Amino acid sequence: MTASGSARAVVRRGTAITAIALLGIAAVYVLAFDYTPIEARQGMAQKIFYVHVPAAWSALLAFSLVGIVSALYLWLKDPRLDRFAAASAEVGLAFSAVMLTTGPIWAKPIWGTWWTWDARLTLTLFLFFLFIGYLALRAALQDPAERARFSAVVGILGLLLVPFIHLSVYLFRTLHPQPIVLKPSAPSLPPEMLRTLLVSGSAFLLLYLGLVTIRYGLAVAEEAAEGRADAT
Amino acid sequence: MPSSDGAAEPLLAATGLRRSYGRLRVLHDLAITVHGGDAVAVAGPNGAGKTTLLRVLAGLARPERGEIRIEGRPLRRDAPEVRRAIGLVSHHSLLYDDLTLTENLTFAARLYGVPQPAAAARAALEAAGLGGRADESPRRLSRGLAQRAAIARALLHRPRLLLLDEPFTALDAVAAERLREELRARLREGLGLVIVTHHLGEVWDVASRIAVLVGGRWVCDEPRSGGIEHFLPRYQGLIGD
Amino acid sequence: MIEWLRLALTVAGKDVRAELRSRTALLSAVVFAALVLVVFNFARDPTALAAVDLAPSVLWVTFALAAMLALNRAFTIEKENAALDGLLLAPIPREALFLGKLLANLAFVGTVEAVTLPLFVLFFNVDLGAALPGIIGVTALATIGFVTVGTIFSAMAVRTRFAELMLPVLLLPFMVPPLIGAVQVTARLLAGRPLSEMMGWLRLLALYDVVFVILCSLAFTAVVDE
């Protein structure tokens, strides 16, 4: 199969996975509104948690994969790994952006403030900036080998930064007690909420995989087009 | 001119060198062997891959495939000592404008662990005829003198293999002849030379072998024989494709 | 190991000597730091908050911004002189080369900090007193952290067109943990708090330094070798 032919196949596969994922998310909406109980203190606004939390998880997964796959790239030098890392970064950026917009939308009615420096929101904000830095560096480098090597280094260093961010935020918050935060991810979650959360988590995971596959396929198509241009 | 120690371990033995830039392959499974006393002139049109080849041989760029052995030892990232046998004279002088010539060469001597670096630096500058300018910045030097300083720097650590990238560029006739004399002296000392050139005429009298690179492939690799007048038409034919 | 250190010091020494000759980056960074302090002074309402409450933040934001300016120097000098090949040709392990660049950067940034601190004391009328040794210590710890990551990122940024923009975009997230730690410890030192209250932060700073010095040294070859 030609390069652009296989690229189309990959994009088709990715689109299929994404479609299933979107159906899953639609199901989550239904579950969230009809199936799960209304949370006592936060009311309807709490329901955004079913989108907010899995989006954050997906962003973190995307970021971790960028780091791990970058390390593999530096070891194995397979350009497919670099392509995957770049695709994961773009999708991760999108998820972080979603999380950073749904977060404030949720926070305002609950806590009366658009932004809180709670652990999850802060970490996602950092992921957002790390993704941007990674993608900005890639955009600024022309040589594919150099671009792959440099962004791999940033990916790995970024992944190792995450525990330090976590630790700093944790230390910071224990010394600066925030207003009593109602954390819906409290251990005693009613089973309906837990199930809906798991469904949502799976749907978002599928969405991540689908979008990364599409992006990967597009990258293959781009390179195939460039290859033809080089050859002429 | 046959090499003096043809039976000994070659100074440089490279095989199967492959290097790409993105999807563009620049070197196609190249091989090259250099013995002490050899002077290989590498010629070819622009974009043939000559400079890339030199960078790969110097250990500055890693080939995707292939092996390079310097005096029998493989040139690898984790064996920095092997680089000690190599000297490079490239388009860039590798000198810092904010330091004097003496400081520049002393720094280079220290990098290579040359004993008594400052003395070695001064001696090298004297030998290159730059003793009077030793306390000046490289930016004040003419092209010919800067070239001499770059060569002095490259030879400080007594490499066995000297790689030169278009060293005759922008040199006047006097400086060019001086350079040829310098190279012949090195050959007599048993160094091996690889000289990338744009202009075969400048290097013809020094070279013992002529190799022509076109599109990342050798189209010619043979001992120099006869005058350049006989070779030039053939050369035009080779690079004309 | 000794040879390694000698090579690193040789590289660092060359950078320091070259910078002392031209002094451009050093002076710019120092002047910048002074100006930032002046701006901070006018940007606050003196009646609202005591200087000593704001002091740690002001000091560390200034240090961080000035460091960003100074950091680009180590690799622009190689780019300007097209001299990086000279360093890569030599039989030096890349980790030693990184260490040399790191030491040179620490010297630059350390100098800027050493000049900024007295200015800070002067402008903000802060009495360091017994806190001075502690402040020097925490400054060293935090500076090692962000200069290490800044060194490897500046090696990358210098290959892009807008190095001065690329470096902050890449580096600022990495500066946050050392910065938080430094500000927290500085605040406690100025308030005369006991050492036990700072141990968590100091451990964080030390761990950050160890992890990133090792990691960046090992990753350096991926940046400079083609």
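Note that the chains are named A, B and C in the order they appear, and that numbering of residues resets to 1 at the start of each chain.
In this text, a residue touches a chain if its C-beta (ideal position, glycine included) is under 8 Å from a C-beta of that chain, and two chains touch if they have at least 3 such contacts.
What you see is a predicted model, and the numbers here were worked out from it, not measured in a lab.
A.B. asks: What pattern do the touching chains form: line, ring, star, complete or other?
C.D. replies: Graph shape here is complete: every pair of chains touches.
A.B. asks: If every chain is reduced to the average of its C-alpha atoms, which one ends up farthest from chain C?
C.D. replies: Measuring from the centre of chain C, the most distant chain centre belongs to B.
A.B. asks: Determine which of the two chain pairs, A-C or A-B, is joined by the larger number of C-beta pairs in contact.
C.D. replies: A-C
A.B. asks: Suppose each chain is reduced to the average of its Cα coordinates; what separation in Å results between chain B and chain C?
C.D. replies: That pair's centroid distance is 39 Å.
A.B. asks: What is the distance in Å between the mean C-alpha positions of chain A and chain C?
C.D. replies: 31
A.B. asks: Would you mind pulling out the distance in Å between where the CA atoms of chain A average out and where those of chain B do?
C.D. replies: Distance between chain centres: 50 Å.
A.B. asks: Residues of chain A that touch two or more other chains: which are they?
C.D. replies: 145 - these are the residues of chain A that touch more than one other chain.
A.B. asks: For chain C, which residues are shared contacts with two or more other chains?
C.D. replies: If we look for residues of chain C contacting two or more partner chains, we find 226.
A.B. asks: Touching chain A in the complex: which residues of chain C?
C.D. replies: So the residues of chain C touching chain A come out as 149, 152-153, 156, 159-162, 166, 169-170, 172-174, 176-177, 180-181, 184, 200-201, 204, 207-208, 211-212, 215-216, 219, 222-223, 226.
A.B. asks: Enumerate the contact residues on chain B facing chain C in the complex.
C.D. replies: 55, 58-62, 77, 80-84, 86, 88, 90-99, 103, 107-108, 110-113, 153
A.B. asks: Provide the residue numbers of chain C that touch chain B in the complex, in ascending order.
C.D. replies: 3, 7, 10-11, 14, 17-19, 21-22, 77, 80-83, 85-94, 221, 225-226
A.B. asks: Can you tell me which positions in chain A touch chain C when the two form their complex?
C.D. replies: My answer: residues 74, 126, 129-130, 132-133, 136-137, 140-141, 145-146, 149-150, 152-154, 156-158, 160-161, 164-165, 167-168, 171-172, 175.
A.B. asks: Applying the document's contact rule, which stretches of chain B touch chain A when the two form their complex?
C.D. replies: So the residues of chain B in touch with chain A come to 21-24.
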